[in-house]
Every structure is written in structure tokens, then in C-alpha cells.
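Have a look at the structure that comes next, please.
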């Protein structure tokens, strides 16, 4: 096959996989309405992302709603359409983290935690959620112990995607170990080498957000950080 | 085809779509038992609504449970039966908002928020739920930024449907930008140009009610209005 | 067909329907493990109940797990086995309420509310849950307005089924309008003319228990009774 | 058939059953990502366990992800691969409790309760969750009344599996009546004579953890222990 054909085959398969990931996220209440957007890298040089089109109801997401974009968020290839408004954020993550897939979900718990007003003083609070001491953290790539401190940065939400992409880039550089970030009152961005890795990160982080969110609701803000049961 | 035939075909297809929307609402716990009712406009002049019959358990809703009504809530066409007791509310919304579909659901969170006793003073409280600053608001038709203030009016519940329809009409006129209203300790009414738009509004609003309801539970009444993270 | 054959046919169909009701209850988390039991009246004179056998995991409930019992809770007919330990309670309800079906479920919210320690003084508290002012109440047979006060008696749990059946009988007589009762830290009993009616009652009551339970958690004990929004 | 063939048949069937149990746990949110591991005894002398391989996403668990291990947690038989890191814990339980199946799940509620900081003084608190007075306790093997006090020990989490297995062994000896234990901020271990018994124990305990966890959240720490409604 020619190079173009290879890419087409790869794009078609990736588009189906992205659609399946999106429908599962919808079924769990993490991408209700038209919320959420999902992408995977089809080629690295030049950078080509398969990504959900804008304003698609995620419950009925199919491969036909997936577009191919370049690193400026412009559609390439035969399909026309408008890619997700947040395509530039996906590009930023794909480039700075060398991620193979980027998933953005909107859950109730991530929305609540991203408010950032119930954390403790210091870094856990307005600008980050700190999660520490949970076995579930081992589901994040490269983490091998519950004795890990995951800092999930919170960025202010913004409708100006160029400006927001720039701030995302800065945050990724400032927090080189972070597996994810939150947009305030908006949702979660996480990524991975493959769609499977990124989907696992969504599951792990949503679990932890719920556990941390319910614990905060019960005990007050300082609860889930530090505790008597680990150093 | 004659005009009558065209309408019959349209009615049959619409009835199937309404039934599918209703079964999905039931599956999510938003239309348990016989609660909830759903309609779509089949013709505008004269106004004809396809609407769920009264007292149907929504888990087994099928197209055969959908009736055709006129703008006085009277059954027209070949099928007999009793339309939903709340048909006049659907008519009121279809007329004043030029809506193509109207959905009424009963969720736990909308029931709790419609109590209207935990909001802050002023308009967010007894008579309205105010939702502000959430990205998810962009799922409401015409909203393009999270920096939006959605006021969801709360109307007292009433078994007198003529009186309630009249109050609904007044509330729609008073709040021309509202995408929905709540009946106290009863549930949600929302609408859209199409069944798909109205169903998206249900998903968006239920998500927001849960996020706002959980946040109120955690933080106290004034929490979800105003916040440090947007102007 | 002879009388016996008619009853056999009726039993077989009823057993299938009971099993389907039970699997749905399990799927919603209302009959986890071996909890819950379900019955329907197959004949009135003499009283014959089709009822779930004892100790069956409800996730795999099939018609073969349904036995035919008389009004002393003894198995009749060809199938052998041990009927549910709580058969006498079903018999008591079937007789005193002339119910056609009796359903017993164990949900988290009914378990919590049946503690009876968070209600207000007077009758809403230790010995009853009082639910008032909710539109959803109209899903209970015979209720036509949200301006209804449903008193759900709470009975202390007991492993002595003869004694408990006797107390159930007394409670049914004392509360002739009740559609259900709770066993403390145990679960819900409700009934109806048909399995469909009884299943609708479970859905309605579980919805209301969750709404009342979450409201109590948020606002304190006196909250859900009386309110400013109805007389 | 030869002895080896019999074991092969038994292993194949057991592997399918384990995979089905795992997929159900995943569907309920009790084994998100790669969390959770599941085993069943294939032969007692010598001890052979069928157990989930390490790092498998549980949503796609199939029989091919199940390995056969000996009592040192080493793979035996034709399949190669790395057994779950926690295999030694399964071995310890299978030996000390003569269990036929061991299930380890990670739910939000078990994670929260395993923090052990909200229980009352004494044994219910940091080192155990005490559950008492619930009918649902009768779903635990050998329990015949709600008037039972189940003590679920909480062990500190540890990445050193030899050390943790040793502490698990001690805890099992110290609490000969316990049906389960919790690892702090990690999850639940429970077991049974068969996979069905062990799965029922998961359902029963998860139900009770949610009921106890929600009650603690509402009422404060001392609430679910002792109460006015049983001796």
C-alpha cells in the first residue's frame, strides 16, 4: 500500500476506536449532551490527530463524526466539518507529552473538584487537587506505589482557545509529572500512549475524584491530604 | 401522498422517537413509575402534538402509547385514549417558545432543587435555581460561553392544569431567555427545536442540577452562585 | 382444560413474571446477594402464592426458583423446596390488603430511612417515615394529588417470622391507607393489585426514599416534612 | 481422562467463570482500570489457584488472562505471564480459610471506609469497620440473624507483598470469624467456598459499606454502631 493508504486504514480503525471510547464515556455520565472530546494521534510527522467533530451528541457518536486534523487544528483529508473547539488543547498535549491519545470528559465529580475551593491551603486548593496515598494511583502510567502524590493542576476556564492552549502548554511544562489537568467548572483532560492507556487514566482519575470528593464532603477540606496511615 | 397521509407517516415516526426518548429517561431514573411525559410537534398550523398517554409506565413505553392532540389537549385522529394530564403545559410551551419538542422528567436532583429553600437570598432561592459559570451551560441552545447565568424558574405545583398552564405561560413570558422551568417537588420541563435538542437539554440540566445539588450539600446555600473564578 | 391445568398455566406464567421483576430489582441494587423476595397470588380461594424460594441469588433468578405455597407458607404442587423465610409476611399482606402481588426489596436508602432516627418528633421519626408534598406520590394507587401525606410505618426487625407476621398484620390494620411498610435496617414491603402495580410502587417509593434521604442529609431531620410550598 | 486432563478442563471452566465475575465487578465500578484481582482454587493438594494476570484492564477481562499458580505464587502449567502482584494474599486466604475463591475489589465506599478515621473509639475506627444490626448481614455465610456484629479488620497498605501476606495471615488468625478485610485506601478482600459465595459476599459487603458510609456522612462517626433498635 502507498503511504496515503496506510494512513487511511489507520485513521478508519482509530476513528472507530475513538467513537467506542466516547460512547462508553457517555454511558457513564462523563460526556452527557455534546460535552467531551476525544482524539488519537494517527501520525507523528507530520502530526495528524483523529478527533471528534464539534457539537456532536456523544451518545450517538460514530466513526463518521471523527475528523483528521493537523497541528494547527485544521481539517485535512477528505472529510469536511468543524473539529472540536478544543482541538488546540489536544494538539498541545499530543506535542508536549508525546501522547498517543487525549481524552476530555465532564463528570460531576471532576466539575465539583475543579472549583478548587475546598482543598487545603497551599497547592491543594484553588489551583490543584492533590491526591495521595491511594492504591488506585498505581493505575497511572509509571506509578508503582500508593505512596505517591499526584498533583492535578486546575486551570481557569476560557473560551479563547489560543490563549487557553498557551496556558495548558505552560502548565504541562510546570508540572512535568502530571498525568492530567482540570479546567475549572469544566472537566478533565488526561492522556496516554494509547487510547487504552488514556481511557484507563480517565477511569482511575474519576474514581479518585469521587473518593476525594465524597471524603471532602464528609470531613472537611483538609481531610484527604496527609493522613495518619502513610508517611 | 395526501396531506393526511404525510401527517400519519410523520406521526408514526415521531411516536417511535418519543417512545425511545422516554425509555432512555426511564433507564436513567428520570421517569420512574408512570412519571414524566414527552411530546413533539407534528404540525404547527393547526397545532398538533404527539404526546404520551396518561398513566403509562415509562419502562415499557412504546409508540402505541403516543396520542395526537390539538391545542386544547383533545385527542384527534384515529387513536383514542386519555392524553397526559399535563398536556396543556406542553401546548403552552410549544406555542410560546415555538418549541418542536417538550420533555418533562422527574429526577431526584431536580426534585430536591425545586424545593427552592437552599438557594441564596434574592432570585436564587425559593423561586429560581441560578446556575452560573459552568462549561456545561454551553450545551443549552444559543449559549456560547460558561460566563452565562441561567435562571431556572420554580413554579408551585398544582393539580389544576388550566391554572398551572396559565402560570407557566406567565413564567415563560417573564423569563424569555429561560431554557427550562421546575415545578416544585415535581420535576423539570425543558424543550427544544427537535426531540434531540430537548433531550440534550435534559441531560445538560440534570448534570448541572446534580453538580449544584451536591455542591450545596457540601458547602451551604450560597456556594454555587458567584465564585472567585469568573467575573 | 381442567381446573388444575388452568392453575398450572397461570403459575408458570406468573413464575416467569416474578423472576423478571426480581432480576430488574437486582440490576438496580435493590436485591443484591440473596436479599429480597417476591410473590404473586395465583388463586384466592384457596389462597395460593407463587413466591421465590429461600436463599436464591437474585441476579440469576429464574422461573424454576419460584414455588407455590398455601396460606400457611407450606409448599404445594409438584415442586419441592424451601420457600422464602418471609413467606408468612407475604401471606399476611395478600390476605389483609387483598393484594395480587407483594414485593420486598433491600435498597441502601430504604435501609437508611428505616433506622427511623432522623425523622422529626411525633410520628415521623422512630416509627414511621412521613412523605408529603411530592408529585411522585401520585404513582401510588388511589393518590391523585401531591397534597398527600403518606405514612410508611417502620417495624422492628425480627427473625421470628410468626411473631413478625403478627406485628405486620397489626400494622396493616392500624394504617389502612399505607401502601408500604419498612422493616428496620432491613428493607421495604409494598404490594399492588398486579405485579405491575407492585413494581411501580417499589419504583415510586425508592425514588421518594432517595429524595427524602438526601434532603435529610443536607438539611437536618425536620426538613422534608411540611414546607412552605403547600398547605 | 487422566488427572492432568481433568485439571485442564476444570481450569478452563474456572477461568471463564473468574473472567465473568471480573467483568461484572468492573461494570459496577468495583474494578475500574486495572484494579482488582480474582482467584479460585482448582486443586487443593497441591494447592493450585486460577488467578487474574497482572495489569489487565478488567473491562476486557477474558479467560485468556487467567493463569494457574502454585502456593508460592509461581505460574505453573502451559500459560506464561505474570500473575497478579497480590497472588500471595490470595494464597494466604485460600490456605488459612480453606476458601475456594478469593475476590479483591476497589470500590469508592470501601476505599473511604478503609481510611478508618471516622469510626468510633475502640475497635470500630482506625483498625476495623464494625457492622451490626443489618438484615443484609445474613447474606454472609453462616450468619442467621441481623443481631450479628461483623468486624472487618483494616490493614495498612503495603507494596511489599511478602510482608503484607504475613500480616494478612496474622489478621485472619486474630479474627477467625471475619468474612473479609480491608486494605487501607485500597480495597476489599473477601472469599467463599465457591466463586458464587465469594461474589455474594462482595455484593453484601459493598451494600453494607455504602449504607454505613452514607450514614456516617449524615450523622457522624458513632452512628452506625449500636442503636436503639436492637440489643
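Labels for the chains are A, B, C and D, by order of writing; each one numbers its residues from 1.
Keep this in mind: contacts are C-beta pairs under 8 Å (C-beta built on N, C-alpha and C of every residue); 3 or more make two chains touch, one makes a residue touch a chain.
For clarity, every value in this text was computed on a predicted model and none was experimentally measured.
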Contacting chain B as well as chain C are chains none
Fit chain A to chain B on CA atoms, both being copies of the same sequence, and give the resulting rotation angle in degrees, nearest 5. 90
At the chain A/chain D interface, shared numbers over all numbers used: above half (same) or below half (different)? different
Go ahead and note the Å separation of the Cα centroids belonging to chain C and chain D. 31
Averaging over Cα atoms per chain, report the distance between chain A and chain C in Å. 45
Please output the residue numbers of chain B that touch at least 2 other chains, ranges allowed. 217
The answer for chain D against chain A in the complex is residues 29, 32-35, 57, 106, 108, 111-112, 115-118, 126, 156-157, 159, 183-187, 213, 216-217
Touching chain B in the complex, chain C uses residues 133-136, 139, 144-147, 196, 200, 203-204, 206-207, 210-211, 214-215, 217-219, 227-230
